[in-house]
Amino acid sequence: MAPSTPRVVVGIDVKKRPWEQLVPLHNRWHPDIPPVADVKEGELVRVEMVDWTGGRVGDNNSAEDIKSLDLTITHYLTGPLRVLDTDGKPAQPGDLLAVEICNLGPLPGDEWGYTGTFDRENGGGFLTDHFPCATKAIWYFEGIYAYSPNIPGVRFPGLTHPGIIGTAPSHDLLNIWNERERKLAETDTGFLKLCEVVHQRPLASLPTPKNCLLGKIKEGSPEWQKMANEAARTIPGRENGGNCDIKNLSRGSKVYLPVFVEGANLSTGDMHFSQGDGEVSFCGAIEMSGFLELKCEIIRGGMKEYLTPMGPTPLHVNPIFEIGPVEPRFSEWLVFEGISVDEAGQQHYLDATVAYKRAVLNAIDYLSSFGYSKEQSYILLSCCPCEGRISGIVDSPNAVATLAIPTAIFDQLSCIIYASIIVYFIQCQKVISVCIFSILFCCLFIFHKLGHKA
Amino acid sequence: MAPSTPRVVVGIDVKKRPWEQLVPLHNRWHPDIPPVADVKEGELVRVEMVDWTGGRVGDNNSAEDIKSLDLTITHYLTGPLRVLDTDGKPAQPGDLLAVEICNLGPLPGDEWGYTGTFDRENGGGFLTDHFPCATKAIWYFEGIYAYSPNIPGVRFPGLTHPGIIGTAPSHDLLNIWNERERKLAETDTGFLKLCEVVHQRPLASLPTPKNCLLGKIKEGSPEWQKMANEAARTIPGRENGGNCDIKNLSRGSKVYLPVFVEGANLSTGDMHFSQGDGEVSFCGAIEMSGFLELKCEIIRGGMKEYLTPMGPTPLHVNPIFEIGPVEPRFSEWLVFEGISVDEAGQQHYLDATVAYKRAVLNAIDYLSSFGYSKEQSYILLSCCPCEGRISGIVDSPNAVATLAIPTAIFDQLSCIIYASIIVYFIQCQKVISVCIFSILFCCLFIFHKLGHKA
Amino acid sequence: MAPSTPRVVVGIDVKKRPWEQLVPLHNRWHPDIPPVADVKEGELVRVEMVDWTGGRVGDNNSAEDIKSLDLTITHYLTGPLRVLDTDGKPAQPGDLLAVEICNLGPLPGDEWGYTGTFDRENGGGFLTDHFPCATKAIWYFEGIYAYSPNIPGVRFPGLTHPGIIGTAPSHDLLNIWNERERKLAETDTGFLKLCEVVHQRPLASLPTPKNCLLGKIKEGSPEWQKMANEAARTIPGRENGGNCDIKNLSRGSKVYLPVFVEGANLSTGDMHFSQGDGEVSFCGAIEMSGFLELKCEIIRGGMKEYLTPMGPTPLHVNPIFEIGPVEPRFSEWLVFEGISVDEAGQQHYLDATVAYKRAVLNAIDYLSSFGYSKEQSYILLSCCPCEGRISGIVDSPNAVATLAIPTAIFDQLSCIIYASIIVYFIQCQKVISVCIFSILFCCLFIFHKLGHKA
Amino acid sequence: MAPSTPRVVVGIDVKKRPWEQLVPLHNRWHPDIPPVADVKEGELVRVEMVDWTGGRVGDNNSAEDIKSLDLTITHYLTGPLRVLDTDGKPAQPGDLLAVEICNLGPLPGDEWGYTGTFDRENGGGFLTDHFPCATKAIWYFEGIYAYSPNIPGVRFPGLTHPGIIGTAPSHDLLNIWNERERKLAETDTGFLKLCEVVHQRPLASLPTPKNCLLGKIKEGSPEWQKMANEAARTIPGRENGGNCDIKNLSRGSKVYLPVFVEGANLSTGDMHFSQGDGEVSFCGAIEMSGFLELKCEIIRGGMKEYLTPMGPTPLHVNPIFEIGPVEPRFSEWLVFEGISVDEAGQQHYLDATVAYKRAVLNAIDYLSSFGYSKEQSYILLSCCPCEGRISGIVDSPNAVATLAIPTAIFDQLSCIIYASIIVYFIQCQKVISVCIFSILFCCLFIFHKLGHKA
């Protein structure tokens, strides 16, 4: 019968640098980056990818590499793949490309990852005004689980997903992107409402030839020169999918991407072992190298039929996706709420970003009262499978956002052991309050009654 | 042994108007509204409540009542309840009040509800610039399920919850609310970033004596005069909980509310048979009268110990809650994405509200292509158990928000019957495309392949 | 618009005895028990029911009532309901009756239940050779939760369901039942394989006029005399559904029952607040009075079309059902295994009953090592939402059965408080082993590592 | 930092025969089979395994290989692994060995499997009196999903698990096994109750030197001669775990195995991509080669502390396990019931095996009415993630067992396409009943209403 092993379309050698890989990578979006391979509709193929920085961040306890990371290098993507139907006819602009994520995971032999926060002056993050310095946590994987020597007492199953998956933009779409983002960047005068409370900079990352990698296009060639000056950066998610950072895009899920160029030119990268909704610390997932086994399908004319443009042109569309059936099950959640009043006490109008910021801050503070540093909590909430919800968006002036943390990520055993040890020593010293503290540490979500009894 | 039947603390007669109820209701937040009953820590009590409008909206097919609804009447709340510990000592400011939601549901004999969208000139809603007119859908309940004669082919189990649950503010907190909201309302000059795309008005609902109901405080009395001019409106969620509209606050969940006045003075109301994250159409849940069986617990000093102020005063806190174990299980979700680029194509900076708006618009459009009117879809996404997520909030300039719809809410049977009927007629007329259309109607989330084969 | 409140078809007054109820009850299966009401297809109706013993078991700490209970009185059922289609034509033999369970719960004002084990000489139970004496536990309900003063440290949400739901048998089917069960009862000579390890008696409960209640048929009348001598007892589940004790037949589920007599004559009773798979202690669910809101549908000719007789006549069929969407979610399970080797070490051949018995015994023993008595554990595993699985049934000679306990039923808080208190006292007395014991008590499922460290 | 890649302890070359593998395999349980490797507590190790037949079954459409399979060759196991603590001290008899299943799956390059039914004269299966002939279905894997060219319209995510995982028995335990099974085999006279309805043969598979493989023990040596005559066959699960065929023993689960010999001597094999509860067709899982990444922990003295002997010696214990957090989520289940009345209409006493048999037969019949052959259905229910429950085991004389099928395993799309095609042709020919049939095919679980309308 037919072979069922996935065909390896792009392999990666993690010991090599991004520009040394056998199949060339790219770190920009551009219609003219040549495909590196053809894949047929229905065919199960495997692609491998470096981590988003291409190996710049090390398996060590120093955050220096995060601090000095030049964001113009990111994200290194695998692809583009040219998608053909079973008759060999490539996908056409206007089609919809359905990509099923059949399997994915870390690269064998490279089972580790990291989470970081960027310096305020080097990109920052959602809470950079509270956490201005670069930090880093290393994560190791044991099959489905991740644990970190830097954040003890935590272990959770990964909801692994590619942070980036997208099709190549057309020239028209690329122009739209560049124009609207340039316009925003030019308004950076501090009066923007959100910027009063979210200090990330720059407002938008515009095209730059610096560190630009364009696959088979030779660096320095006239073609490269032209393309590098207009190729879109990979930081934001856009109409083509891209860096959507949707944590549920995991095993068994399916994404329907619009096709803007012949062949679709699918690229993917930025593999995350796990991520929380929002990926709040920016380098906030558990970043790693990885593999992705996928199957493509072309829906002829599907872009028009299923995606309604929500903007001035037919290109202003967004992908659709379906969630897979094997997500980790959690049954107990501790939920933090935020409203659109900022830390200065100022009222904002139905601003879900401000509300979510406050919910995250509330959660960080809560966790830190049980022995974690705020930096540990910030990183943890960025990469663990927590859920960020827009709960109410109509009760003016307050948007209500919530952050739900599955309590099962905390290793209750080590907490209890820790607590009982503390209790032992404490009793001898009659420092009852510390005792209570340590027991609280072991049962985060049931804290209240203990407090009550104390 | 001990009796276990919940004690009915506040009963409601839905045939009477809000101000005629035996136990008086209130529709403002104020520290001086007198408690209507005492409840003891650990005691299982039952409170009943009118729907948020106190019966102004009828079980009929006209949206006139929604259109002309005066928002100063809302929300009619049941309470306040004064909470005592087992020794009879009331909750104190600085305590935390844990409220377990043991059971809740529609009032026997009144098993119906409604969902509406408000006129743009009368409050509007999240998408009021797209849907400026008042609409209404009626829902009937069959045990755990709701269905609507106005939106055929849909039936789903309710994730029933109180839209409003909160403690009374202190005078200090009330002042903070009034001041910051007045300040916002005064800025209503159109330059606010979010208001370019979210047209709800007014920006904030300030105190007004009009239709003000203050429980046992006699209307027109000097005390009432004073209080009515400063009592906070119930529209937004705030530090005291209030109109948080968190759809998961259902059976078995627990909310930890800060205590600002002696006795905590807990009030609740605005019962929802079901609601989607965001409650996007404003009158967006399935609104109904209902009962709530709850149990209180006082955590002495818990406010300081577990809630960190995130603002200039110790009062700037938010409640915490835990989700209950009996939510409906859905395994298949269809997910729509939005980014912070508005319908005019303008780029906004990490604006989750804009991103979520676009995700909702994408979903409405998608559903409407299968036979629902956009108004039906808007109402449906407002009240069905869909999930609104902040997926990415750091990849500047685009926030990525997602809206996930459980496909099980669609009655696949009626779709299939409908499809097969259409197929029958269509075959006779050789209009194959319509046939395909109708089959698509019946299998929303697997649409693409059919399109592909056509 | 149309009213949606369920019509109360049979009400119950729990202060009255079964034979004093306004609408008469019955405790046997017989085709000639007259219907007490008509219900229409599609109509939402409400029926109420006494507990299975009709109030013989009291809310107190004595098991005397269980010990002396005469099993000929059970189970008191509500009905029969005659089901008509929308044209008024009754269901016919050969049809299928689909019953949707829209809502159900305890009767307001009677929110308590009990679980018991029967005396070996009075019916016994699955483990009666290990637990020969009558015991009882009382349960109180707080909304969705049950807790027992007799089994501290346990609280769980109920998966409430009717233990009995069934249609009336035809005369032919009744004859089949009586004949095959009489045949079995006559073989009671001790040589039966299962009886070596399952000592319940009698092997089958045959018809008896003693305590026979036949609804509207007047006791002592000639008709009653005839019927009472042939009416089937309600103990076992049979072709008509009946006492199937399927714990997942809860809110939103649907059962498809074969119709054997005109009108279907649907009866229901034996409401369970909660039950574990197997209901091992016989009076093993949390037994209570209750209400059931249901909707019927007639599938004409469906019995033949969807149920295949698996026996010598077309009447040898079994119902089908669908599980509802709102079961409690549990994410952590502790699983005990049993194989078909009995306590004497004897090998049985693929005997799932023996294997399950051993799995249950293993679980009881495990729990009892943490402070519960074996009697408490037996009752708990009988009524908590544990799952009993036939894991392997082909690897001769051993069937493998498993019993999975959701760890969330244990109130971790009270365990931790308890543990810390013990720790405190123990430290003073240097009795470290007791300390370890008590911590183990609080974290059943993570026991091993602590043991390891000790 | 420390490396996190799992150490490959035993590799497999699927192109080689079991006895040609670099690290020798074994297919019997015996205390004296020498360990092939040492593993340390806490260390993440990877072992690979052949399929249970060691490659005797081919990726083709003939069931000849199943028909002629000699069961004395099975099951080929990987191991034994000798487990040491961090100080290098091996596990001791009386300890408990906790094995965490961190990851597992098919071997790269060998992503396929098979399910079969055995000939009645060659082992048979649970329903061999209904299905006496050998059959086979091939399955291909696409990441988490399996599909079969032999059973169209079905695709489901695998709940992958090792069918066999166990420790070596001591000599004493081995003697107990051999004695009790020999005793049973000798009773094979047809009078055994279960054997009236379950015809599998032999009743027990006793030790035999035929095809016996004992790892490093050289075949034909005196040592081999002795051991081969007493080494236990691997067919049944026993006190050491072994062939427990528990389908939930998947990613993230943990099994606690008793230790009977120094070093524990852990072996594993018989990898299943997926299996239904009961594995009813005997070769009933999706059988494959595979890898398993695991972590061991030794709980000193844990056997005595946590496992209670349920039999005449301290060796009569059973393993305990915990279920992992990433099982596939299914929300809709179609449930079939069986009672302990056999196909001849005879009443059996609380016999869960008979009840489950009838539930499975009911399900097979139901599925076959929608176009599947009974053989296809039998195989499908054996390997898909269906749940087999002991629902009621006390209501004498009837045990009630249920079989729950997740409806999501049926590919609704292909069903709908199929249905619409049929509809098209049928309309032309006015054969409406066939049309109805085909639509039914596409919506198994909602069949009834359509039937009703027809």
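As written, the chains take the letters A, B, C and D, and residue 1 is the first residue of each chain.
Basically, a residue touches a chain if its C-beta (ideal position, glycine included) is under 8 Å from a C-beta of that chain, and two chains touch if they have at least 3 such contacts.
None of the values given here were measured: they were computed from a predicted structure.
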Next on the checklist: Using the contact definition given at the top, which chains are in touch with both subunit C and subunit D?
Outcome noted: A, B
Item to check | Pair exhibiting more inter-chain C-beta contacts, A-B or A-D | outcome: A-B
Checklist entry - Counting only C-alpha atoms to place each centre, which chain is farthest from subunit B? => result D
Checklist outcome for this item: CA centroids of subunit B and subunit D: separation to the nearest Å works out as 48
Checklist outcome for this item: Whole-angstrom distance, CA centroid of subunit A to CA centroid of subunit B, is 30
Item to check | Length of the line joining the C-alpha centres of subunit A and subunit D, rounded to whole Å | outcome: 38
Checklist outcome for this item: Contacts with two or more other chains occur in subunit C at residues 325, 329-332, 408, 449
Item to check | Footprint of subunit C on subunit A - complex, ascending | outcome: 329-332, 408, 412-413, 416-417, 419-420, 423-424, 427-428, 435, 439, 442-443, 446, 449-450, 453
Checklist entry - Any idea which subunit A residues touch subunit B in the complex? => result 96, 98, 125-126, 176, 180-181, 183-184, 192-195, 198, 200, 202-205, 235-239, 243-248, 256, 277-282, 284, 297-302, 305-308, 310-313, 316, 318-323, 325, 331-339, 341-353, 356, 358-359, 361-362, 365-366, 369, 387-402, 404, 445, 447-449, 451-452
Checklist outcome for this item: Listed in rising order, the residues of subunit A that touch subunit D in the complex are 1-2, 4-6, 44, 59-61, 100-104, 108-112, 138, 140-145, 149, 157, 251-252, 293, 295, 324-330, 408
